[in-house]
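First up is the structure itself, then whatever we jot down about it.
Every chain is named by a letter (A, B, C and D) in the order it is written, and numbering of its residues begins at 1.
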């Protein structure tokens, strides 16, 4: 979403779903995973909206849908691409909107070669490095500029060569390596030339529109049927429903969740939806947009203020060793000429001031050098590899349960078994805390407790009722929760733990003159504490996040941030949450006393906007596209933008405004540049920079798939996906390869309403456990007949990574699909269970491989092949032996599934 | 299309979500796949999440299982009948000067009343709160009415027996004997209302005949006790009563079965069937032998024991049939569905119009 | 027992002849007060499970949380909660929660209970030691100023303020392998 | 002079008035519209949290997503899940087991939250010998845990299988319609939690109007399966205080199709009990006046 629109967050808010004429839920099981949010879907349905649910299984969401489309797991790009093709072929796109607000008219450089030209890959592929060089994807005209975020290159040969040849080019022709750019665009577009060539007739053969049209032309209904297993008639019905409910008078909203992200091409799933929503003219408008449904109370917050390796607060990229030797170089690479990323220096300097206070001065680059640098991807899965390799020795696990909840759970545990020390903070003794005494590896004999050197600390955590703080929900809204009681005994908040850990470390290091300790000793770490347990004040932390000026007055908006060090701000996109010294996140004006937008409940970033890009709700002249879809409009008399929400636009900039030559940053935005974070002010159908795996989405098969890629017969998988072939993480043979028949079925993992993720907050509760007491798998009657599975009996599910057992639920809700002329059976696996807790069961993640989306480093657990057989799994060493037998039978080697190019 | 407009002035035409239509799959034309169309799958053995079969939710019972336990409650039904009828016999024997029979009947009445109270209290979930039975007087609750009867009868029977055995206060003893005799018949028969006044098909659907079965059974048992314990020369009335009671019990029970509809099949299941067969055999034997046991002490005792056991087994059979009929939703659903269908064809007759509604036709299984 | 309160008697003195209403109400029933009515404090909160962000109202009595239910004022949730949100009381006050610090020594077969202060000190020592041992000023000739020896996982269930302190401290310590559920 | 205690067994009208309340609040109830239920079970959990109902045991039943099976002492709200094959002429992806051409069949998944019906004529309340069960001023039916002695009579009396005895406790338990909350004007926990307003709480009168409107609306939309259950004050229990909109026959959801309050037949039973008692007395008397055969 960041790359398409400029910010990596849901573009709308849940309540606004009530205004949609049609809602497409795909890659999400909203009724089950977000039941209370689903009330807004029901509101829309009550008023006549059509609900379409695309899902491999018939779920509780499907039960309420008007159209349920069963789809083969891992083929959503083909499905959505088919709709894109339909929309263009039938001239069903919203022409005026597309011309005004998207980059459809923009001309792309001649060097770009599409998958159509290169047999399934884009230009710039470096097969040896498993990466693309995006230089050839750029717009025509102007120097080609590095995408912001592409600063995590490996020290690869190519680059060294280039440097040897006179390295001045390095920032302009970067090699691309594994990086987390998807997120670094969380709130900001990538940079492009300030002025671009456009053809508003959309006829130029190299304009984005024509490229998109050509790219998706092969995604025909026939192909969709073959690839996705969706009958043409049903597919066309969905196409008609969406197009009839989009355009000037109507809007369609889309909702997705991890059903889209957890794939080796996950970011491109969302890209396809973004393209579709831009073509249909649904962005920035009431009843439209794309709603990312997130599964944790503050998962949006934890990317905004990231506990992520590649980001600093507010989507500022972490500096990279190679590029960012000083602040100037960093800013040069990370900011854009046009749009709000032009203010990067003031955001960064203010952050450094918040962290190192008076120590951060103009003279020392505001302590920029105190920041550690990246040298590649350091995502959680690379960390596991580093643990296994003995590089990473200490590990904090806070409120998470990787021994159950992360892909390839065995690798997670083996990594932890190789640590010096491990700290686990949780409510109860989750699997990640006790694997050393009762984990599956102890049972199989692979590990012996006495042999495990890891020192383990378990700290009891405080609950949300025992601490003050804010969560950022799925619609970017911060809501404050107040402490009701103090935590009992040794239970403490993370705020307490980290504050006091930092305090103790600083005390221990006090007096050190070692340069490595300076960032710690000079860190601003003097939060007031309160109460008997000396809990740091969360509101003081929020005030720092919001920021203050030189006099210590709270800031109101990130537009007040300065480059000269006179302002401090811990997270620029959250600037304004503590304006006037009032905790805006704690605002609770009752919803019934406000419009449906409820602007006075909590606080949403950026600047309390609830629908972002809302400038696009009005036409070029600033009038609502339709009387029934009015949201923000230009008021001639008042000479400003007005409406139901905070305009996501300079409120005084008229629709006809044209920037003066040489303007930069926000000043360079024209009156119709609705996507204010983007380097060209437009929504991106085509992404010239910012993505690692291509400027357009292309269907590739999942890492483990029994089917050949019919869309690109000579390119089976995403060529730049991240793969790690190691012991315990072997991949399955591709279609047609010997041994692929050993894993004939597709597995997909998911959640149930009754549990929460890896179960740490649900499996220990009797009230939730009794509702779904055991691990089960869902199979069709046909598969049950084929494999002799008995309803209510036991089944054993096997991949090259592991084997689990589950109770069998034989149900029509999992329908076999006809794919490429054969019947495909899909097996549903909820992933909540583990061996501890009150409700126990095997963890589905024992089966998952680690293969990642190259942009987001998210694992592919929504689609993988596997086998199933009746009965319980073997115990003890026989469990490992069974997996080994499958590996042998399938002829799996370390090279299996590692191909970059090629079909099958 | 969404009927809500977002105008410059705000939202227009807002409608609450509870008015949402359901999924498209809720229109007409549900195909109830008969289980035969699926791979072999008998009751209790499900090959998949079963397609909802007509008439039940996964074969689960509609009503909850009675928590009353055997032998407490069937024992109570039996002992109450025995006590009540014995008290009447005691009075008859006293009046007609049959002192031996009177003593046996009095002691029997008092002992069974005491035992039945023990059984009743034992079955309580909170035994310490048995006195709460006298917290109210509720004619709508046969158990409340019964509690009051038992609470009056028990002391009367005890005083009668005590006086008889000790010879103390013969006047009070006589009065107590009369009192117990007055309370005896209701004690013997109210238990029919007790179990019929439930939603258990085999009990409720027999409510018209159950009091007579219980009455007969009570007489049978008391007569049986009399025959077992009284001197040979005083046995005349109880022999007659035994024969009458036994025959009546057989007859009324047969009549009850014939009129109770589908629930009768519950008498053919499991324990109920065994008890039922045993009861009938013992009652036939007891009836016949009491007719012939004019002099033989042994034959009289056999007759008496047979009648006692037969009467007890009748109660146990009825009790078990009730449990069986509660367990299978068929007994609840099929007659009710038939009743609905009947009403649909005769719409003028509401369900409340017939106090003694005709039993549903024995439609058998679907 | 007051005979006037005997329901049999009240069946005659009240209108409830059949003993199915007024007459049989116990004094305890008469005094019934819901614990939401006599709470000492009512605190506004947010559900800790998924990211819908449902409003919660927390009722406190005698410094204990006695009830958690939906906040009807919330424009997002309108007072409603899913089963998980509805189980928040059991989550926060249930028996499954642990309240003591546990420590497993290297190669040990079981936990030992540790006091919080000692444990904090031990963790701080481990951080300092590992940081020193694994410190990198440079990699391949480029300044990195970091440690690859310390990693962290978690954050999506935590508060923004907590994530902020984590990121700030870790970054100052030079740890970069800081991740959360957003990727999982 | 004592009024006829049976009068209220059959009569129409307000049950609270019949139970001796004067100036009482209007009758309150639930309307559970199963057509908007998403089967989330928030009602089950919210009920347990509020009422401190114990867990009912861990049991994987295979009954779709229903693992609590039915109403009982430890389950006062119960969500039923019914999977049905259904012709919809739209999904053509399902395939027959024998590999024949894909069948034109789809499925539908019914979900419905069941609860105590708070009958107008409540058998449990009628038969309770201790007065533990009583009619509240809101017209609901509630067990008083300080009175119940666990006689178990209410359990087989209930035609819906709602009330049950709790193991290890001995007393009978069921939905109270959150009697305590009603006292302070709060709505019951389940209705408050329900994300989609499938469970609606209010005065019975208003709920009836709402339900009738809803039924007409669904019928108008072609959902001909929709029907109200427990809405009719002329049915065998005098109408329910908690009634439902269903999309199939009641028995499919585990509900009796035509429940009748058992005490409706109690006057007839008493008459026959009396007759039978007289027969006992008479027969014994006769036997003492005649010579034995």
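Assume a residue touches a chain if its C-beta (ideal position, glycine included) is under 8 Å from a C-beta of that chain, and two chains touch if they have at least 3 such contacts.
All values reported here derive from a predicted model rather than from experimental measurement.
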Chain whose Cα centroid lies nearest the overall Cα centroid: C
Whole-Å gap between the CA centroids of chain A and chain C: 26
Inter-centroid spacing, chain D versus chain B (mean Cα positions, whole Å): 24
Distance from chain D to chain A - Cα centre to Cα centre, in angstrom: 46
Rounded Å distance, chain B centre to chain C centre (Cα mean): 52
Multi-partner residues of chain A (at least 2 other chains): 35-36, 39, 42, 62-64, 67-68, 596, 753-754, 766-768, 771, 781, 785, 791-792, 809, 811-812, 838
Shared-contact residues (touching 2 or more other chains) in chain B: 16-25, 39, 46, 49, 51, 135-136, 138-140, 144
Residues of chain C engaged with two or more neighbouring chains: 7, 18-20, 23-24, 68, 80-87, 90
Graph class of chain-chain contacts, one of line, ring, star, complete, other: complete
Parts of chain C lying in touch with chain B, wherever the complex brings them together: 6-8, 11, 18-20, 23-24
Of all residues in chain B, those that touch chain C in their complex: 134-140, 144
Residues on chain D engaged by chain A in the complex (per definition of touch): 36, 38-42, 44-45, 48-49, 55-62, 64-65, 67-68, 83, 85, 90-97, 99, 102, 106-109, 111, 195-197
Complex interface listing, chain C residues touching chain A: 41, 43-56, 58, 60, 63-65, 68, 71-78, 80-88, 90-92, 94, 96-111, 114-116, 119-128, 130-135, 137, 139-140, 142-169, 171-184
Residue numbers on chain B that touch chain D, as the complex places them: 16-33, 39, 46, 49, 51-52, 54-58, 60-68, 84-85, 88-89, 92-93, 95-96, 123-127, 129-130, 132-133, 135-136, 138-144, 147, 181, 184-186, 188-190, 192-194, 196-200, 203-204, 207-208, 210-212, 214-215, 218-219, 235-241, 243-245, 291, 294, 322, 326, 329, 332-333, 336-337, 339-340, 350-352, 355-356
